[in-house]
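Per-chain numbering from 1; labels A, B, C and D assigned in written order.
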Amino acid sequence: MISFESDYTEGAHEKILDALLRTNRESQPGYGSDSYSESAKEKIRRACGTPEAEIHFLVGGTQTNAVVIDTMLQPYEGVVAAKTGHISTHEAGAIEFTGHKVLELDGVHGKIVPERLNDFLEAFHQDGNREHMVYPGMVYISHPTEYGTLYSLEELKQLSDICHSYNIPLYLDGARLGYGLMSSETDVALQDVASCCDVFYIGGTKVGALCGEAVVFPGGNGPMHFMTMVKQHGALLAKGRLTGVQFDTLFTDDLYFKISRHAIEMAGLLKEVLQKAGCRFFMDSPTNQQFIILEDEELERLSKEVRFSFWEKYDDKHTVVRLATSWATKEEDIYRLSELLSDNREK
Amino acid sequence: MISFESDYTEGAHEKILDALLRTNRESQPGYGSDSYSESAKEKIRRACGTPEAEIHFLVGGTQTNAVVIDTMLQPYEGVVAAKTGHISTHEAGAIEFTGHKVLELDGVHGKIVPERLNDFLEAFHQDGNREHMVYPGMVYISHPTEYGTLYSLEELKQLSDICHSYNIPLYLDGARLGYGLMSSETDVALQDVASCCDVFYIGGTKVGALCGEAVVFPGGNGPMHFMTMVKQHGALLAKGRLTGVQFDTLFTDDLYFKISRHAIEMAGLLKEVLQKAGCRFFMDSPTNQQFIILEDEELERLSKEVRFSFWEKYDDKHTVVRLATSWATKEEDIYRLSELLSDNREK
Amino acid sequence: MISFESDYTEGAHEKILDALLRTNRESQPGYGSDSYSESAKEKIRRACGTPEAEIHFLVGGTQTNAVVIDTMLQPYEGVVAAKTGHISTHEAGAIEFTGHKVLELDGVHGKIVPERLNDFLEAFHQDGNREHMVYPGMVYISHPTEYGTLYSLEELKQLSDICHSYNIPLYLDGARLGYGLMSSETDVALQDVASCCDVFYIGGTKVGALCGEAVVFPGGNGPMHFMTMVKQHGALLAKGRLTGVQFDTLFTDDLYFKISRHAIEMAGLLKEVLQKAGCRFFMDSPTNQQFIILEDEELERLSKEVRFSFWEKYDDKHTVVRLATSWATKEEDIYRLSELLSDNREK
Amino acid sequence: MISFESDYTEGAHEKILDALLRTNRESQPGYGSDSYSESAKEKIRRACGTPEAEIHFLVGGTQTNAVVIDTMLQPYEGVVAAKTGHISTHEAGAIEFTGHKVLELDGVHGKIVPERLNDFLEAFHQDGNREHMVYPGMVYISHPTEYGTLYSLEELKQLSDICHSYNIPLYLDGARLGYGLMSSETDVALQDVASCCDVFYIGGTKVGALCGEAVVFPGGNGPMHFMTMVKQHGALLAKGRLTGVQFDTLFTDDLYFKISRHAIEMAGLLKEVLQKAGCRFFMDSPTNQQFIILEDEELERLSKEVRFSFWEKYDDKHTVVRLATSWATKEEDIYRLSELLSDNREK
């Protein structure tokens, strides 16, 4: 059985496990005040080009979205997101659980279109009934999106300008940020993210860590008493060293970028193999997630030897599935898939 | 100045004020255990044809929606509503404030289309990721809708059947229920509402009361400890007699229906007058709210002598406005409007 | 049957009903923007001696506490209250429902002791673990308290100074404020309340209105977008005139104070009658609530002709009950109670 | 520098790191459906003697308390806890954040006294105003408590009986459960915990894991859709293997119990050393946390070479500090402390 099910099916990059082992018996204070968290923050500040950045480590993606959004919004505000955004669909209502509406915009291939965002905000502020409505208090984007697509630098800047003209923060969910930054089709670097966004997170769970996401407030603009609110959300790790050591390792010698590049190279190879096998692509994705349309019988046969994710029904006889590469993907597995696909076609 | 701004710009029907005056000095226990609340409940049970119904009086519409929805949903559930539904747009996020997502469906003229509801529920229950999603735990409709439109009895039954096949309650927001029931274009009676819905409310605020909405659980199926949760939501009136006396009056000698019919007759007259004046209708509404498209200059001129509600921009030069009649509308005001419209056109 | 059960068993003062009747057919805009609300606010500003005050009308006491406390606290903050405070015990957890802890202090006769408050705040700010704790973000007092007792002006000033030295607001729950201000044993006037507190409310429901509480931010210091948050809490009246007209009447010709004085005079008479009948007082109360200890058999006999409130078990054979007077109390009822008490004793 | 600051200052037991390393490159499905989580659950079921138990792994203690309590309570219910309980004081209001009140009881040495619990519940159910109050819907105890004390089996049974006579669950916070079970002064075994409690958790973070707590519903009585609610709370790990592998290791060959016993032995040695040095104990603790009263000057001198936790001020010149042993404590560090203490005394 080979697996392209997701980018979180393996453990952690070996260097991370080594570091956990090496530092294991040191006595370190809890709750994020350990020396590894400090060191990791310093390295991330440098990588972002924002020496003033305030950085916090949380455990997982949904948790991070809920904590960041809830603590940055006023009670009367909601967060604008694409209808297909992770917070809109696949977080079990974690944002609403904290009392805030997700204001859903129709997007294109998972992305918010700057012009539509502007129209939405303009319409809101011209609406005579706006005092009876949820104020748009933040814009949420994911990069890469849930469909693997990427914003161009120009788009990011436009979104940033629109947000700032309405005086609301732009928040970027970077659960797979590494895979976005290392795409061969992007003009967006980590420093660009840091300069366009008011807050974002650098995903660890899907990019080589056991767990962990690094929240970055590039301007040092985190909410007051953030740690207390993190605890209130049940999101404060006693052994903060666990995320500290991991991010310290990821941001040493560019490990985060190197392993992300590997996933992108594997995705390139995967794409080739899929194309060669005549697969129909559901959409074009420049990152580590690839979406293809399979005939249902073919899907069933393949499922016996390959794991991938069900995405959505395409029509009565076809299904969209997702294949993901990651820092851990082995070239040999892609070649094996290639064989299976040709066997499959022959049948 | 004449006003068609809304159906809550006047006080209360005189019979209600009389009743408040007449019963004023009686000593009555608080929190809804007064004899008038009891009597009102009994009369409403009779009018609904549901002798087992459990009934509670709350103060206003948004409050009622928040209390009913929050207390009937499980924490992991959200409520399905039309995108234009009151809870989706104009309740300042009161539903999300209680921790629940409003799952928005595209509607038609403010109504949920049964087939689309069915597709939505079916897709949810077939989705392999549904454990990471908000469960649809209730369906919310308004009748009349926010656009004054009405469900047919056939549609209500379909919605009811769909809900019950998925084992979730159907909830009807009847803020303007009287105006819906007395429309000349409806085949839905109060008893039909009671037999199709698992919970609904009979609006008082917009139909002749100073305040108050009557929540009806036709099958006696209210949540346990409902009163405690009403208090927890800050929605429990100390002097429950205030809503008790009002609903007791509204449901004596069919007052609720008679004053609703008056509004509908006035809406008929208003429609005629608007048509005669050559006004363009934004949509056809069979109830007390009428929507027309005015040229912006005309709108400005008229605004000096008539109050109505801004609805939305139609295009660069036109605006949709709403004119509402109510139990309190005077025939003479409609004739005055007729004059103003012809004056206006002549200019 | 005569009733001393509570101060909300009758309707409203007749002048209020008159005013509702007189203004009934005027067309007035909704949501608190009617002219009566404006006029009432102006009169309250004058009575408080705070021309800059921001004032809002809400419907009931628990609602008001929840809205004020939730909108003024930061998410990481809780509200300090006496263990016997209304928000601590008898609001069904409405404060916690909004996400905030009630930090309970042992009080004396329902009051917070300034020195203990200071110790509590000092200890919190010296606690090395305070980042893992709920920040005290507001102090809540009731005046009169739930036991009918009153703060002296000196005590109010001390509490105010302590709060301000810790930079947190002092909030006074004035559900029965009129009865406190008109007590013969107080040196606290309405202007003192306004100058010592950062926010307070003037209770209507228990002092002659059908419903309604006036929230006063003496320094014009209400939270931004307060109206939107009121709506979010389900607390916004469509017909704001209902509370507007009532408070406009209560603050015309000192009606609020005059009817409160009546209740206090009746309480004085009641106290005399109870003393003469040899009743044992549970505690000394200078306002409209009187607490006596009845032998259980006596209680049972009296209950057949008098309504009062169970307060708590005193011991195996005795019970504490509360008798309340109000704006509506009739002298003859007190004389009737006197007769019943002497009959009772003779048996 | 030697450290007795807490039981979470080191990483993880080496066997856990070995297991993470050994299983690292296996492809495992996410969200707790990996084979290690399954295996760990089976081992825990066996250790508890409850083959039907439902088990879930969460990340940290406050998170676990919030998720368990919120998902098991009805909205109108609160949780009863000792005033000194972790949820009452040191979780930043995480329980109230989910909308529930913590009903605080005065305890003795951190423990709830069964008789007082019974009185509290009885009084609540006899209170005529209980519909306006928060219903006690669960009892929370910690074992060991925040003061290191333990319930006897007899006490546990009494608490269990009281809860069940009122039909509410008993919940045991076992953040340090291992240290309680291995105390030489306890008659409570893991099976007893499982038979007395309706839900409890076995703490990993403080007993040898990097992170992780195992929630046990001994009767298979977990709430429906628990996983969705865990996600809603932001508490669902993508790589569930992280907690799965750790608990699988801890419950292989009694590792959990063996490392807990080590901590208890070290605590015994520590106690001896402290007694020999003439230290005054704040209270007697039979587990891994020891509380002593230090003169402030002595405290300052010691602090230069030993880390411990500030607990509370004892009086003007003395402070209570806590010293904790753990699975990771080294005998040599205790001897070093012994030397420091005698040096200290000589000065």
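Here is the rule we go by: a residue touches a chain if its C-beta (ideal position, glycine included) is under 8 Å from a C-beta of that chain, and two chains touch if they have at least 3 such contacts.
Note that this is a predicted model, so its numbers are computed, not measured.
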Shared chain contacts [chain C and chain D, defined touch]: A, B
Field: Chain pair repeating A-C, as identified from C-D, B-C or B-D when over half of the contact pairs by residue number coincide
entry: B-D
Message: Taking each chain's centre as the mean of its CA atoms, which one is most distant from chain D?
response: B
- prompt: Approximately how many whole Å separate the CA-defined centres of chain A and chain D?
  reply: 34
Message: Taking the mean of the C-alpha atoms as each chain's centre, how many Å separate chain B from chain D?
response: 51
- line: When centres are defined as mean Cα positions, the distance from chain A to chain B in whole Å is 42
Task: Two or more other chains in contact with one residue: find those residues in chain B.
output: 75-76, 91-93, 97, 99, 131-133, 228-229, 231-232
Message: Going by the contact rule set out above, which residues of chain D touch chain B in the complex?
response: 70-71, 74-76, 99, 131-133, 135, 224-225, 227-229, 231-232
Touching residues on chain A, where the partner in the complex is chain D: 1, 3, 5-6, 8-12, 14, 17, 20-21, 23-30, 59-67, 91-94, 97, 205-206, 210-211, 228-229, 231-239, 241-242, 307, 328
- request: Would you mind writing out the residues of chain A in touch with chain B in their complex?
  value: 75-76, 78, 89-93, 96-102, 104, 126, 128-129, 131-134, 310, 313
